[in-house]
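Note that chain A is present in both complexes that follow, paired respectively with chain B and with chain C.
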Partner chain A sequence: MITNRLPSFACAGLICLVALPAFAQQGRLKLDACAGLAAKASNVVDITLDGPGLRMAARILEKDPEAQAMIQGLTGIFVKVFEFDKPGGYAASDLEGIRAQLQPGGWSRITQVKSRREGEVEIYLLEDGKGGNAGLTVLAMEPREVALVNILGPIDVAKLGSLEGKMGIPRLSEPKVTKQATKPGGAK
Partner chain B sequence: MDDFELHLTHALRRQEAPAGFADRVLLAARARRQRRWGWLAAASLALMILPAGYAYHVHTERQRAEAQLRLALSITSGKLNLAFKHLNAEPEQP
Partner chain C sequence: MRARSLLLSALLVGCPLRAGDKVFDHLVNHLQSRYQKAPVGTGFMGFMARCFSPKGVSGLRMAIFEEVDTRQPQGEDFEAVVRSTIGTEVTPLLRSLSRTGERCSIYLWEREKRTELLIFSSEKGEVVLLKMRLDPDRLREWLNDPEGMARKKG
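Here is the complex of A and B:
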């Protein structure tokens, strides 16, 4: 009797094994889906922090309770930054692979800002079904840089923004200081 | 005394050890003792080196993870602030 059902049990077990990682990393985007960007970029930064790496990093931040509280409960942090030699070195269509993944599956765009000079930033949140969020995705398309951020787990977006410039986290969005042209004294 | 007993007596007769036999035995025993100490020293060294190597590996992994986390958080907060800045800014003039 039981032996007749063994293939069914085996199939169910196999399905569970395949499906479990998918549930564990719900909302994880395939950042490799934008191969066009990688081909055009002059420099690519790729950060993957999940499982033991993230737990290890969380332990290090024991001295920074604010940062530790921020990353507590996160299951993955995935960041890809593509840098280009020339402004506009990529096309909007290069991001279609990422946008397609954000259409289904609970992601909702909360903010989209566009600037002619500084590009476009889109912020997406993954709803957890209980009124909170279970993930954050940021697409930042600047003239010479495209940044893709995919964070899984409950996250406070406002607090995350306030981390910049604190706890050894460098301030990246600081306005650049431009050298003022000075007239050489006495030169004619 | 029959043939068998004669053979037995001949086979069990006392024989002198060849010249230098005792020296060779002592030398072999000493060499074996030295080899054993060599193995013990190598094993002790390995026991000291392996945990030290593992600790170094864990230390570098932690440093790498910390650097990655700080960079990831700085990129994310930087981009979020870029969006917040534009949200709070006045609309650009055409």
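Here is the complex of A and C:
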């Protein structure tokens, strides 16, 4: 009898195998969608810290339990930095490819900081549908630099500060810019 | 007699560091066949670099390919070779590409409780490959306070 069901089991297994990577990569942005930025940039830096890299980072931080706990649940940290020769070397439209990915699928902008001199920073959270979050994205747009940070996994925003001053992450000074927060879901 | 002893001592000091690093040798062989040129920095210069490497760094290996044609895109090809040598799940921790064609990739992975670092740098006419083993405790200290550690000279 069970042999009759084998094709069904095989199909179910196959679907699980296909779906698993997609689930694991939920919230991962296609940072390569900024072809316009890459073409104009004088330098492009990619930082990828996924499975093995994060496990190693957690071991390196084993003497710092707070910071270790912060990154243990994460599945990936992806950073892309575009540097430009001149201020204003890019247009806002060059970021459309990224912004389009942040509109649907549970991403909501929680913070927007604008400064005439220092540029603009936007922070997005990915809701997990259970009251928590499953990722965080930061867009930092300075006159000569654009940085995209895509972090996957549950993030306790209140504990983010525990990473300050560790692993090369600078200590944050008091912001001297006007803060303009928007309601979750109210991006753009 | 003294010169022979010195030479023998230098070889004995150098041998354990040179032996057993198949990853580095494989990558150097790949670059050597690609550029049809032998690297520099693997001999005396590499020995000196090992002698003066900071604390927490061991097994430093270096190969410099000078006056080679770096105009051909080499990044993706080299990444595939690295993956096939180290392991398919190893991806560059950092990748930098400039408009002028300068390229740098940094790989960090663990093998047998050791943290290994590989740096591949390619710029106009020159390719540098650097590999070393890192003490995880020392690495954490460097990451937490790079300026302070640099002042302490490692």
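The working rule: the second predicted complex is superposed on the first by the 144 of 188 C-alpha atoms of A that agree within 3 Å, B and C clash if a C-alpha of one lies under 4 Å from a C-alpha of the other, contacts with A are read in each partner's own complex, and residues count from 1 in each chain.
Here, contacts are C-beta pairs under 8 Å (C-beta built on N, C-alpha and C of every residue); 3 or more make two chains touch, one makes a residue touch a chain.
From a predicted model like this one, the values you see are computed outputs, not experimental measurements.
Once the two complexes are overlaid on the shared chain, A:D50 sits against chain C while remaining clear of chain B. Set against each other, chain B and chain C touch different numbers of residues in chain A, with B touching more.
When the shared chain is aligned, no partner comes close enough to touch A:A100: not chain B, not chain C. Using the contact criterion defined above for the overlaid structures, shared-chain residue A:A41 touches chain C, although it does not reach chain B. Shared-chain residue A:I60: touches chain B and chain C both. By the touch criterion stated above, A:I151 is placed in contact with chain B alone, chain C being left untouched. Of the two partner chains, chain B is the only one touched by A:I123; chain C is not.
Common to the chain B-facing and chain C-facing surfaces of chain A are residues 45, 47, 49, 53, 56, 59-61, 167-168.
Residues 45, 47, 49, 53-54, 56-57, 59-61, 67, 70-71, 77, 79, 81, 111, 113-118, 121, 123, 136, 138, 140, 147, 149, 151, 157, 160-164, 167-173 of chain A touch chain B in their complex.
For chain A in complex with chain C, the residues that touch the partner chain are 41-53, 56, 59-61, 63, 165-168. Chain contact summary for the complex, chain C toward chain A: residues 89-99, 108-110, 115, 136, 139-140, 143-144, 146.
Listed in rising order, the residues of chain B touching chain A in the complex are 61-62, 65-66, 68-87, 92.
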